[in-house]
Structures are given as structure tokens and as C-alpha cells.
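One chain, chain A, links the two complexes that follow: it is found with chain B in the first and with chain C in the second.
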Partner chain A sequence: MPRRVSIGLITILVVCVIWYAVTTGLGLIPSGRFPSPAETWSAFIHVSGRGYGGGDLTLHVYNSLRLVVLGFLFAIATGVPLGLLMGWSRTAEALINPIFLIIRPIPPLAWIPLAILWLGLGDAAKMMVIWFSAFVPSVINTYAGVRNIDRPVIEAAYMLGMPKTRFVGEVLIPGASPMIFTGLRLSLQASWTTLVAAELVGAFYGIGRVLNVAQQDLYPGMILVGMIAVAILGWGTTRLLGVAEAYALRWNTAALAAKG
Partner chain B sequence: MGVIQFKGVNKIFGPRETGFQALQDINMEIRDKEFVAIVGPSGCGKTTCLRMVAGFEPATDGVVTVDGTPIKRPGPDRAVVFQQFALFPWKSVYDNIDMGLRNLNVSRSERESRIADILNLMNLTQYAKHFPHQLSGGMQQRVAIARAYVLDPDVLLMDEPFGALDAQTRVVMQEELVRLARKNPRTVLFITHAVEEAVYLADRVAIMTRAPGRIKEVLDIASIRNAEDWDSHEKIEDVMDLESFVHLRTHIWRSLREEKAAQHA
Partner chain C sequence: MQKQISFTRSVVLGLLGLGSFIGLWHGLAVSGMISNVFLPSPVEVYDRFTTLLDRRFAGATLQGHLFASFQRFAYGFLLAALIGIPLGLLMGWYQLLDEIVSPLFDALRFVAPIAWVPFAALWFGTGIGGPIMIIFAGAFPPCVINAYRGAKFVDPRLIEAANMLGTPSHRVIREVLLPSSVPSIISGLRVSAGLGWQSLVGAELIVASAGVGYMMVQGQANISTTTVMAGMVAIGLVGLALDSALRLVERIIQRRRGLEN
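Our next item is the complex of A and B:
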């Protein structure tokens, strides 16, 4: 096992021991404030078995994950092309940028009431809010990525007689890709934040729904289960994105490794 | 063929009245398969000359032609070697060299054999699968030269190609370029501020004035090189020791020094 991983595991273990000590062991924190490991475990069994807040854990996780993945994919499928267009064409930039300047300062969560008003409490409203929050970072970073491509590299492509169709796929996108991936990571984080917030406001299923019901039921163990579930899902999806990034940017990681 | 002509070329960046005049009344002809170097003080517009032949900059007045046709846009018939290499960092050495041939719709088998030849000629065969960042500066520039040469262009444009290299690598590259140019002569326009490099490589050296850049004088190196039989010396330092070489170098130095002095006066 690599050193970094083993140290990480030890840290987690120590935190768990302290957690046990201050709740069950020493009783410093009453269980009404913060759940003990045993209470958390029983809440986990509760939601995985009998179910809680309208469904079992699998159903809630499935719903949240589905919405995040769809909203995220929808956001990057629209955001990245728009960023490429704005980065490449001064005209497109001049047309679109003013809209961005107005919309950008609005926190994505502020769109939740409007989304619910338009689309109700179902999936569509959440997708819209996730799209909104994930769209902006993917556009901005893609745009910056295109602008950061070395001018001589673009001139080299012209000099080599590259047709426009190939230029987008072989110069523009790979050239901007380090920044595009920065945008995707920010978009993914924003997707999770927004999803949980949107589900807290109103949902039939999902991890945010579990958190919301548990809060009303004064059920700290269940709240913690929901929080841990979001943490694990967020970590897992970010990790997947990291694998894709490492593969897509292997020419760049080679560059980083060479620089030491 | 690859005859380059500058006819009455002016270049002004910005508005005509208030802009910066980089070039003034450039008239020059570079013959087919001739190697011409342009030297001049920094900011004299020598790179702008090259960029106009490449099709990256339009002339404000006058016309730049290749084989009589005015230049409108960049293209693989005028291959450029950039100072900062300008390789595609996301493509392997092989794919970088392959790019221009693919754009010209050359058949796969012909591409493979031409790339194999140029890799061999440039001593790059074992690095075909490497990414540019895994190579030293000298190796990267070798790839950039291979990427240009593989196209078999009429005209080769080199913009201070060795400017970013250390002194030793530079000498090796200069010797290799001479070897390549003798083996497979092209029309070459070579921009540099290194006087020795210009005298060593070029058939003719054009000296430019400070901005607005004009052609101050053009020296015929080839006739002296042939008369004094420079090519019988294999090493660059042996050539640089020859009296005829030193004489030319000193002449160009003086001429450039005058420009520098006038610039600061």
C-alpha cells in the first residue's frame, strides 16, 4: 500500500476513535446534538432496510446520482461548445459576454424558487438548477482555455493547411483541454451542491430529501448518514472525472513530470 | 519552384497615419533553391518579412509573391519553423510530423515512408512515440524542422529557429541544417540576429536598417564560399576561422553597429 494511502487510512481511523470517545465513551456530546457511531450505524441499517423518507437508501442514492450525472452532462454538453465558440470568435464573445456579466453574480441556488415555480418539485426543476450552476464554470474555463492556446501553435496549424473541421477536434479542444477539465471539476462540485440544496427545498426522493425529513424528525443519526452518502458520492464522481482527465491529458502529465 | 519576391512592400501596424511603420519599401528577390538570411537590429521588422511570406500578415502597400502569385493565406507550400517550435504538445512526434501530410491527403503508405525517412534523417526514429515535452529544446526544434521538411515545400521559412537553444545545441543544429540544405536544397528565408549563423548558412545575407526596416545591403556569400571552398571544412569552427569568413562577419557587424548607434542617438 502506498505511504500516502496508509497515512490517510490512519487519519480516518483516528477520527473515528475520537468520535467514539467524545460521544459514547466519555459522553461529552449528548446524542441529541451529534450521533454516536452506533446510532449512525443503526440509522444506516434503517434507511437501507426498511427505508426512510419515502424509499430505501439505494433509491435515494440512485435518484440523486442520476440527477447530478444528467444535469452535469447536459451542462457540459452545452457549456463547453459555447465556451469554444466564445473563445474562438470575437463576435460571439461580444454578443454573449454581456448576458454572462448579468447572470454570473446570481448564485445558482437563487434560481431554485423560479425553477420550482416553472417546473414543479420533480426532476425537471432540479436538472434545470444543476444545469445552471454547472454551465457557468464550464463555459468560462473553456473560454479561457481557448484564449490561452499559444498563438504560434494556431499559426502552425494554419501553415500545415489544417481544414476547419479537423482544427476544432485536433487543436482547439486539446489545446483548451487542461482548462476545460478545471471547468468540469468545478461544474461537478457545483452540481452536487446545487442538487442537495434543491432536494432540501422540495423533493420526493433523494439524499437531500433524507436530510430534510431527518431534520424535521430530529434524527441526527440519519442526518449524518445523508451527509456521509453525499461525501462518498461526491468523492467517487470526482475520482472518476480525475481518471478521465489523467487519460485525456496524458501528454500534459508527461510535461508536468518532466518539469519535476 | 520557389521564387519569393517583395515588390515595394510597406508594412504599417495600426492606422496609416498614426500607426507604427515596421517596413519601408522592401524590394528583394529570393531565387529558387537559394538560402537567404536576413539580419538586423531587434525590432527592425525582419520577422514581419517572414510572416508576410508565410501569409500571417498582409502587406500594407506593395505585394509579396511566390512564383508570381500574390500570397493570401498560410499554406503547406511555405513551411514555417518557429522560434518557439510551436509543436502540438498533445500529439506525439510522429503525429506532429504527420499532420501536414494528412491535411494534404497523402496516402497512408506514402506518409509512413516519408515520415520514416525524415525521422531517420533527423535522428529522431527512437523518439517517434514521445510527446514534445519529453524532449529537450534541441530535439523539439529538430521535430519542427522535420515537420516542415517532410512536406517537401517550395519555400522554407525559418524564424530565428535556433534562438531558443543553448550554444552547443545551436552549433549542432546549424551543421545539420547545412547538411540537410545541401542534400535537399529548398528556397529558404532565414531570420536571425546571429551574424555568424547567417554567414555560415546563407547564400546571400540581407542586412536591414532599424525601424522602419529597409534593406540596407545584400552580401553575396555563396561566391566567396565557393571560391574559398568552405565546404571542404566539416566543422563550423574551422569555417569560422577562415579569413574570408572573418572578413564578412566583421563587415556585417560594422553595418549593424551603425544601425544600433543611430537607434540610440
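Our next item is the complex of A and C:
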């Protein structure tokens, strides 16, 4: 085992032992402040069996995951083409960029009250805010990606008389894709943050709802379960995106390896 | 990419874009197709903004709310910088510390800062302590990561040269490591400020009894769309000012280092 991994495992083990020691063994931290491992486990059993905050864990996870995935995909479907257009056409850039410059400083979370006013506490409002928070990074990074394509590649395609449709599919999108994926990672992170915030402000189901009810009930074990669930979901979706990126850019790493 | 367009042309197009955006908004609001409660016109939002500046809403004027928000932001941000930057530098310098802290840090990074709200409220209350902790949770990771990168990717030749000339280790840290990681640290601070400001807004929407976020929630509860929009404008303006100030510092430092291209 490499040194890094073994030290990492030891650290996590030590932290778990300290956690057990200060909450259960020595009782330094009262259970009203931070839960012991046993309390966290029982909260987990509670939410996955009997359910908590309006449903069981599967239902909450399903709801949160569905909203993030839908909002994120919708943001990609609208943001990436707009970014490509702005990167490609100077006219589109000059028209649209100033609008972005005035909207961008408003953090996505500040849209939550407006979304609730417009669309209520249901899924539509959350989709709107997630879409918005993921849309901006995907547009900006796609746009930067197009601008970073090597000039000679574009000129070569022109010189060889490549038709427009093939140019978009074979030069523009592949050339910008490393930056597009950077944007997608940021978008995904923003989606989760926004979803949790939106659900904390008001929701019927979802991990944020669990956190909110647990906060009102002063139930530290359940708060920790909710936070762990958010972390695992965030980590899992990021990994999935990483797999997709490796697959989409496989030609690129091959090219890099061939170069030496 | 298409050819460059002239400067005047791009300014004209930009004004056209902005004009049609605001014009469309105004037109939709005035035409009555969309109820005024849902979409007030830009003029109404501006009026509301100026009214909020001298009349109290939700316990304070807009400046009062902004001041409360900014104060929390400043505490949380300074705390994140004071703890995060030294930690990042030490992690970049001492490999063992890096190996011990990194796995914990990576695990915590996936918890969205806003998910700390319940514990923050439980531990520090909803007055000033809770929101500060949320800002800290948002602003801390970029401070650590950038200081770490700054210290880790110092040109090894500089350190070797210093070692060869027999510079004592505390002087290497102070005179080689620290100066060469400053640009990276400043970029980290800029990211931190953005995330911290955003986390603050989130925290105030959920738990607070003052601040711009709180004012917006009250506006939402009173179905006052103009108040909500005026709050968004105020948040955007402060965020923009913060970012521009740090960008200026970044540029000054880069210029002094001759790093500007």
C-alpha cells in the first residue's frame, strides 16, 4: 500500500476513535451538541426504516438526486450551446456578455426568495434555482474553451473547406471540451449547494428537508446523517462526471501520450 | 472564431443587448401580461431600492442590513484566511502534515457549506456566531487549497539555491516560500470572498434576524417582489465591489512581481 493511502486510513481511524472517545467514552461533548457514533447509527436506522421529515431515506435521496440531475442536465443543454455561440460569434458575444456581467455578481442562492415567489415551494422553484446556478459556470467555461482552441486548427479546417455542421462537431466541441468539463464540475458543485439551500428554506421532501426538521427537533444524530448523505451524493455524482469526462476525452489523453 | 469586430461596434451591440434585456423586462411588466406582483418593472425596483435606503423594513434600512451582513462576512472571511492560509502553507511544506490532513479535508469538502447550517445554529446560535461559521465553511477550502498550491509549487531551484547557500530553514520559509506563494494566496482569497459572500446570503435566508438575506425572506413572506429584487441588486453590488477590490490587489501584486503578461 502506498504511504499516502496508509497514512490516510490511519488518520480516519484515529478520528473515529477520538469521536467515540469524546462523545461516549469520556463524555466531553454532550450528545445535545454532537452525536455519538451509536446515536448517528440509530438516527440512520430511524430515517431509513420508519422515515423522518415526511418520508424514508430512499425517498429523500431520490427527490434530491432527481432535482439536481434534472436541473444540471437542463443547465448543460442550454448553457453549453450558448457558450459555444458566444465563443464563436463576436456579435453574439458583444450582445450577450454585458447582460451576463450584470447578472453574474448575484449569487445563485439570492435567487431562492424570487423563485419561491414565482413558483412556490415545489420542485419547479428548485429546478429554476439549480438551473440558474449551474447555467452560469457552464456558459462561461464553454465560452473560454472555444476561445482557447488553437488558431491554426481552426484555420486548417477552414482552408480544407470543412462544412459548418462538421466543423461544430469535429473542431469546436472537441476543442473546447476540456474547459467544458471544468465548467461542468463547477456547475455540479453549485447545483448541490443550491439544492441544499433551497430545501433548507422550504421543501416537502429531500435531504435539505431532513436537515431542516432535524434542526428544529434538536436531533444532532439526524443532522449528521443528513450531512453525510449530502457528502456521499456530492462525491458520487462528481465521480460519475469524472468517468464521463475520461470517456469523452479519451482521444485527448491518447494524443497526449503519443506526443510523449 | 470570427474576426474581431471594432470597438465601437461591440459597444453599440452591448448597449443594444442590455437595452433589449431591460426593455423586454420593462415591457412585460408594464403591458400587464404578467401581474405586477410577479414581475415589477425596473423603475419600481429602483424606487423600492431608494425607499429602502431611508425607510426601515424588517427592522432596519437597507444600509443597516448591508452593514450587519458585511460585518458577519468580514469576521467569517478573516477567520477563514487566518486559519486557512497558514494551514495550507504548512501542508505544502511538511509532507507528513499534508498526508494526515488531506484525507479529512477531502472528505469535508464534499459537504456543501450550507449543509452546516443546522450545526452552526445548534452550536453558535442564529445571531452572529452561526452565520460566521457558515461563511467560514464556504471561505475556508479555497484559502487552504491555494496556499497549499503556492507553497507546493515554488520553483525548487530557489529552495535548492537557498539551501546550498546555507540559509536557515526559518529564513527559507519567510524569504523564499512565503513571497513566492503570495500570488496564489491572493487568487485563493478572491475565490474565498465570492464563496463566503454567497454562503452568507444562504445562511441569512435560513437563520438570521438581520441582514440582506433576512430582508429578502421578509420581502418574500410579504409578497413584496420589489423588496426581493432590490435585495438581489444590493447583494450583487457588494459582491462586485468585493471582487473588484481583491482583483485590484491581485493585479498590483502581479505587476510588482513582473508576472503580468
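What we mean here is this: the second predicted complex is superposed on the first by the 242 of 260 C-alpha atoms of A that agree within 3 Å, B and C clash if a C-alpha of one lies under 4 Å from a C-alpha of the other, contacts with A are read in each partner's own complex, and residues count from 1 in each chain.
In this text, contacts are C-beta pairs under 8 Å (C-beta built on N, C-alpha and C of every residue); 3 or more make two chains touch, one makes a residue touch a chain.
Predicted model only: the values in this text are computed from it and were never measured.
Considering which of chain B and chain C touches more of chain A, the answer is C. When the two complexes are overlaid on their common chain A, residue A:Trp251 makes contact with chain B while staying clear of chain C.
In the superposition on chain A, contact of A:Leu95 is made with chain C only, not with chain B. In the superposed pair of complexes, A:Pro174 makes contact with chain B only, with no contact to chain C.
Of the two partner chains placed by the overlay, only chain C lies in contact with A:Gly226; chain B stays clear of it.
Residue contacts after overlaying the shared chain place A:Glu155 against chain B, while chain C stays out of touching range. Residue contacts after overlaying the shared chain place A:Pro163 against chain B, while chain C stays out of touching range.
By the touch criterion defined above, A:Thr58 lies against neither chain B nor chain C after alignment on the C-alpha atoms of chain A. Those residues of chain C that touch chain A in the shared complex are 1-5, 9-11, 13-18, 21, 38, 96, 99-104, 107-108, 110-119, 121-123, 194, 197-199, 201-202, 205-206, 213, 216-217, 219-220, 223, 225, 228-229, 231-233, 235-237, 239-240, 243. In the complex of the two chains, the chain B residues touching chain A come out as 54-56, 73-76, 78-80, 82, 84, 86-91, 99-100, 103-104, 131, 133-134, 147, 151.
Residues 150, 152-153, 155-163, 166, 170-171, 174-175, 177, 251-252, 254-255, 258 of chain A are the ones touching chain B in the complex. Residues 3-4, 7-9, 11-12, 15, 33-34, 87-91, 93-99, 102-103, 105-114, 116-118, 146-147, 149, 151, 154, 189, 192-193, 196-197, 200-201, 208, 211-212, 214-215, 218, 220, 223, 226-227, 230-232, 234-235, 238 of chain A are the ones touching chain C in the complex.
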